[in-house]
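Think of it as A, B, C and D in the order they're written, each chain with its own count starting at 1.
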Amino acid sequence: MITVLKRNATEEQRNNLIKWLEEQGVSVHVSVGESVTILGLVGDTSNIDMDMLRLLDIVDDVKRISESYKKSNRKFHPKDTVIEVPTKAGEAARVGGGNFAVIAGPCSVESEEQIVEVAKRVKAAGATMLRGGAFKPRTSPYAFQGMRAEGLELLSIAKRETGLPIVSEIMNENHLELFEDVDVIQVGARNMQNFELLKALGQTNKPILLKRGLANTLEELLMSAEYIMAGGNENVILCERGIRTFDHFTRNTLDLSAIPALHEMTHLPVIVDPSHSTGRADYVPTMSLAAAACGADGLMIEVHNNPSCALCDGAQSLTPDQFDEVMKKVMKVKEAVK
Amino acid sequence: MITVLKRNATEEQRNNLIKWLEEQGVSVHVSVGESVTILGLVGDTSNIDMDMLRLLDIVDDVKRISESYKKSNRKFHPKDTVIEVPTKAGEAARVGGGNFAVIAGPCSVESEEQIVEVAKRVKAAGATMLRGGAFKPRTSPYAFQGMRAEGLELLSIAKRETGLPIVSEIMNENHLELFEDVDVIQVGARNMQNFELLKALGQTNKPILLKRGLANTLEELLMSAEYIMAGGNENVILCERGIRTFDHFTRNTLDLSAIPALHEMTHLPVIVDPSHSTGRADYVPTMSLAAAACGADGLMIEVHNNPSCALCDGAQSLTPDQFDEVMKKVMKVKEAVK
Amino acid sequence: MITVLKRNATEEQRNNLIKWLEEQGVSVHVSVGESVTILGLVGDTSNIDMDMLRLLDIVDDVKRISESYKKSNRKFHPKDTVIEVPTKAGEAARVGGGNFAVIAGPCSVESEEQIVEVAKRVKAAGATMLRGGAFKPRTSPYAFQGMRAEGLELLSIAKRETGLPIVSEIMNENHLELFEDVDVIQVGARNMQNFELLKALGQTNKPILLKRGLANTLEELLMSAEYIMAGGNENVILCERGIRTFDHFTRNTLDLSAIPALHEMTHLPVIVDPSHSTGRADYVPTMSLAAAACGADGLMIEVHNNPSCALCDGAQSLTPDQFDEVMKKVMKVKEAVK
Amino acid sequence: MITVLKRNATEEQRNNLIKWLEEQGVSVHVSVGESVTILGLVGDTSNIDMDMLRLLDIVDDVKRISESYKKSNRKFHPKDTVIEVPTKAGEAARVGGGNFAVIAGPCSVESEEQIVEVAKRVKAAGATMLRGGAFKPRTSPYAFQGMRAEGLELLSIAKRETGLPIVSEIMNENHLELFEDVDVIQVGARNMQNFELLKALGQTNKPILLKRGLANTLEELLMSAEYIMAGGNENVILCERGIRTFDHFTRNTLDLSAIPALHEMTHLPVIVDPSHSTGRADYVPTMSLAAAACGADGLMIEVHNNPSCALCDGAQSLTPDQFDEVMKKVMKVKEAVK
């Protein structure tokens, strides 16, 4: 960490600061220049609060040389992490390091018939995992909050029928025991900085699918991964799902440059959710291809099957037939960019 | 709610949609125009998912006529809500409806000496409540996480010594019993859409200070208040504390237009936190005056007192002396805009 | 256009509003409902100021049914526009409608040697046009402002040597005569709403490459195209080059969902500039592939060749060798998504 | 300027970089540390392109110690600049350094009767200058573009009748001669980075009112002021008028923290436009008070007077009566914060 002092810093102030920094357990290298004095802090600087330091009267700026994320940092772990999700058939569904994951299924679990039917269709099309919401984060307290525990049981049935590992979102650490049969636990965008939940998930040994918050930087995403990893659970899959910007022609702005950027910063796998980011089924196919083209380690796509409900055609979910088509093209793009 | 259909909608599609809408419990008024057909939905439309409706093939747009927030809506409750926080002296500290609250204190509780001293100083300057962080949400798992339960005990001591009601942040519903002596429970910006926590707080009878999330609209803020109120606890104080924008010269962008806007939308009191929004002590005085001038129902200001720590001068906290000065000017501005 | 009146509107107010609207040349269809009255405005509503209407005391909301862009609107011109740029060899370089354009070259023209050498290299790799900045928009008045007229002359030399049509940015309508030999005139992001410049370009017959502004919506981009087209010049190529968001890990956030969205809204071709949006050469290859995968009609890529300048390696420009590699993969992706 | 090199930089690379930097006219101080090497650049670094430097393979980060704005920088000009606008009565209307400017008038000049009447009313209420749009930047080419030259003539009449100096927006340097009788020339938000226009205005000796762009940082605003000042015209008044953010409950987000921040960065006066930023007349009074409370050097407020037009009541313009009220309260707030 580098601390640039202001020209007007007195020697006494400087010495006070150095003394305090050393008390925090770092060693300080002083470099006095004509117009500026620079303090180089060496050692474990993760406890030093940059914001506070930056705001001192005598400090002009503070710059981290080493990133504040450690366990997720590619510098200390150059090889891609491959997350292994065991399947009933004995083989693992893998994510990362060249293994492409396709997680598909309905937004919400609605009935056994629905989830089993969708599971069969997406498996046939090449999906490697089944998703389905049981606990649903809804902006309004008056909106449907999901089938909750019952939804998880229906997912388990679909898992038994198809062999697909299942992915579902958790909203409360007190629900953890209900997730015993869930293979990958999802943390939603709104809970990305629910640190108490992250800590609790760090105590489990399940793969965690961590979605980027609507207004969070990539570094903040990695710091949240770090909360899980610091607890001992290093099985984290990151997910880009759109950020909130001034423009609202899509529900959120899908930030695909995050894929090469995260691949540089971290060894963890990164997947893309084109359904929630765009909020529009008609943009899901093109954005799935774009995600595959720029190196995503997988896709998370909403697929719905409800022929009796004329309403569902235009929503953010693809039909199974549309999903078939997308999968074929995605595989061609994967081949092209290999 | 109004649904505008596309020109190319067939009569069968239209009838299917109307039938489905009626099944959701609303009645539908059809108005067929030359180039467009409009469906007016009357009744309780809070269950209708606008996003899904908007994305149907035959729908051009959907517009809510009545807001989706109910209990917090000024339309149904024209009079300002006044939150009453009981004090030891028997009188209530009031917020809203012309009652101006000043909540001051350190970012984190650090010691009995610190919190009692700050409490005395801010009370003398005119503060009506004492704030202090015991459980701290930190971006990094390696940073200091607060004194936790012990911090709450020290706040209680300061409350006994000064008679000031105390305000502290909760991060986990499982900690609720520790907050028995806390007078106002704060929900931080990162937890504004932690719906499970909001539901749990709706079961209490304590005033809740709900901070706006970094990327949340005013309507989303009110929907989160609605989660608390729907549970039976209507004592909600809203807090504007800056939003995340492209510009980073302040930590966040303080959005003061939210004050007149929220006063129009809701009867709940709205206070402003100039310390966290700007992240800079030197901007806190001017932005406190601006907040008072545009009608905020109160302020939440960080005040720190640590003469032995030369480091704290320039941070986002005011010294007690600076706080004295701000309070005098704020009162003059309050008088000027009466 | 639909205007929703508030419940409290008196009949007199309503009649005043209808009278005024009719004076603006539109006919008004009134639809009175239980809780709401809707005015449907039919005819040429492009003169009606929606913002002003929306803010009237008696108006609850205003909604455009027909878009305010006309000549660029796909509804009135379903077929893709193909822009034809004549070449010296007699054939046109085409953009749109299945014709993929690759515009490559240095950020700034620096010397004859440089621009001719880069032109030869990018042509060999498959570029269809040569770009090079002569007039440079720079944030600082003290920074290099480009070679200006001399730069345009050097581009002409490169055009003669290679046969590639040339693309360069204009900043001032008074420079128009200097652009006589320029084949495609570029309008930069900062000038997207320099309406006087757009009007002047509408009087020319040259293809215009219009870049999206840093904080402009897709509708605003089309309205700016409309300024050019309304003047009689319908040869407009749109360019997505990143928007300004809270996140700064790339210089701007490349908004690739704009590609399918613009293809739905307009018949004009849409290309992508991965160099300026990311600001990093190492992300240009992946984002070029993503752009090709989601249906962009072309790419605009910075390529620099200056072996004597060790400084240029890491900047936002690709070397000719890197560009060769990108082109090969882009062509494979184009093939895969056909 | 400080350049932090990466650990893996070879000595040859480092020496190449130092040699190149010295060729740009700066001297380089090398400070080699255990894990990092820092180059301190001393001298005139305004020509060094930070972005390019930052992207070199061997460079980890670049940090400016001195700001890139010079003439507008408070460091080199600690005293507040006071802009003097001569009036017919012989006294100057002053802005800055404790002089509070109130610029009021209609969005567009519509007729002699209108502009003269509004001018009289705003003068009586305490306005120090009259504003009125003659050339109007409109998103749509089909919308009313202003009365143009004729509008400027009507402003001159109002100036003769009332003695108020006049403020109007320019969109094209070729119109400059039409602005001879205009006292303060306004540059709109969309033209803040129309560098050719700024350069032309730098050649005049009129005060320039420079509005912040919708997505521009404070530093970019000062760099645009610098374009004008570098040409010799140091009479620049800055104006905060709202930025574009994710939230759209107001037209733009008024960023009042920019007032104390700009006062720290620059000696130029800073005024606030609450009308365009909020887009709502009902929020103009509160935000005017907030602006006065946080130290703005003036206000720019839309006032409209058209009793025959029932439509104008709710728009972003105040009526003269409402403006009277606002002025009285603003003066009280000014007094309170003195």
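By our rule, contacts are C-beta pairs under 8 Å (C-beta built on N, C-alpha and C of every residue); 3 or more make two chains touch, one makes a residue touch a chain.
Remember, it's a predicted structure, so these values are computed and weren't measured experimentally.
Engineer: Over the chains that touch one another, what is the least number of steps taking chain B to chain D?
Structural biologist: Minimal hop count between chain B and chain D: 1.
Engineer: Among C-D, B-D or B-C, which pair gives essentially the same interface as A-C, with more than half of the residue-number contact pairs in common?
Structural biologist: B-D
Engineer: Counting C-beta pairs in contact, which chain pair has more, A-B or A-D?
Structural biologist: Pair with the higher count of C-beta contacts: A-B.
Engineer: Which whole number of Å gives the spacing of the CA centres of chain A and chain D?
Structural biologist: Computed from C-alpha means, the inter-chain centre distance equals 40 Å.
Engineer: Let me have the rounded angstrom distance from the C-alpha centre of chain A over to the C-alpha centre of chain B, please.
Structural biologist: It comes to 27 Å between the two C-alpha centres.
Engineer: By residue number and range, which residues of chain C touch two or more other chains?
Structural biologist: Residues 215, 244-246 of chain C touch two or more partner chains.
Engineer: Within their complex, state which residues of chain C touch chain A.
Structural biologist: 215, 217-219, 243, 245-247, 249-250, 253-261, 264, 277-278, 282-283, 286-287, 289-295, 329, 332-333, 335-337
Engineer: Could you list, by residue number, the parts of chain B that touch chain C in their complex?
Structural biologist: Per the touch definition, chain B meets chain C at residues 2, 4, 29, 31, 33-36, 38, 40, 42, 60-61, 63, 65, 215, 244-246, 248.
Engineer: Please output the residues of chain A touching chain B within their complex, sorted ascending.
Structural biologist: It is residues 13, 16-17, 20, 46-47, 49, 51-53, 55-59, 68, 70, 137-144, 171-174, 190-191, 193-196, 199, 213-215, 220, 223, 226-227, 230, 244, 251, 279-281, 309-316 of chain A that touch chain B.
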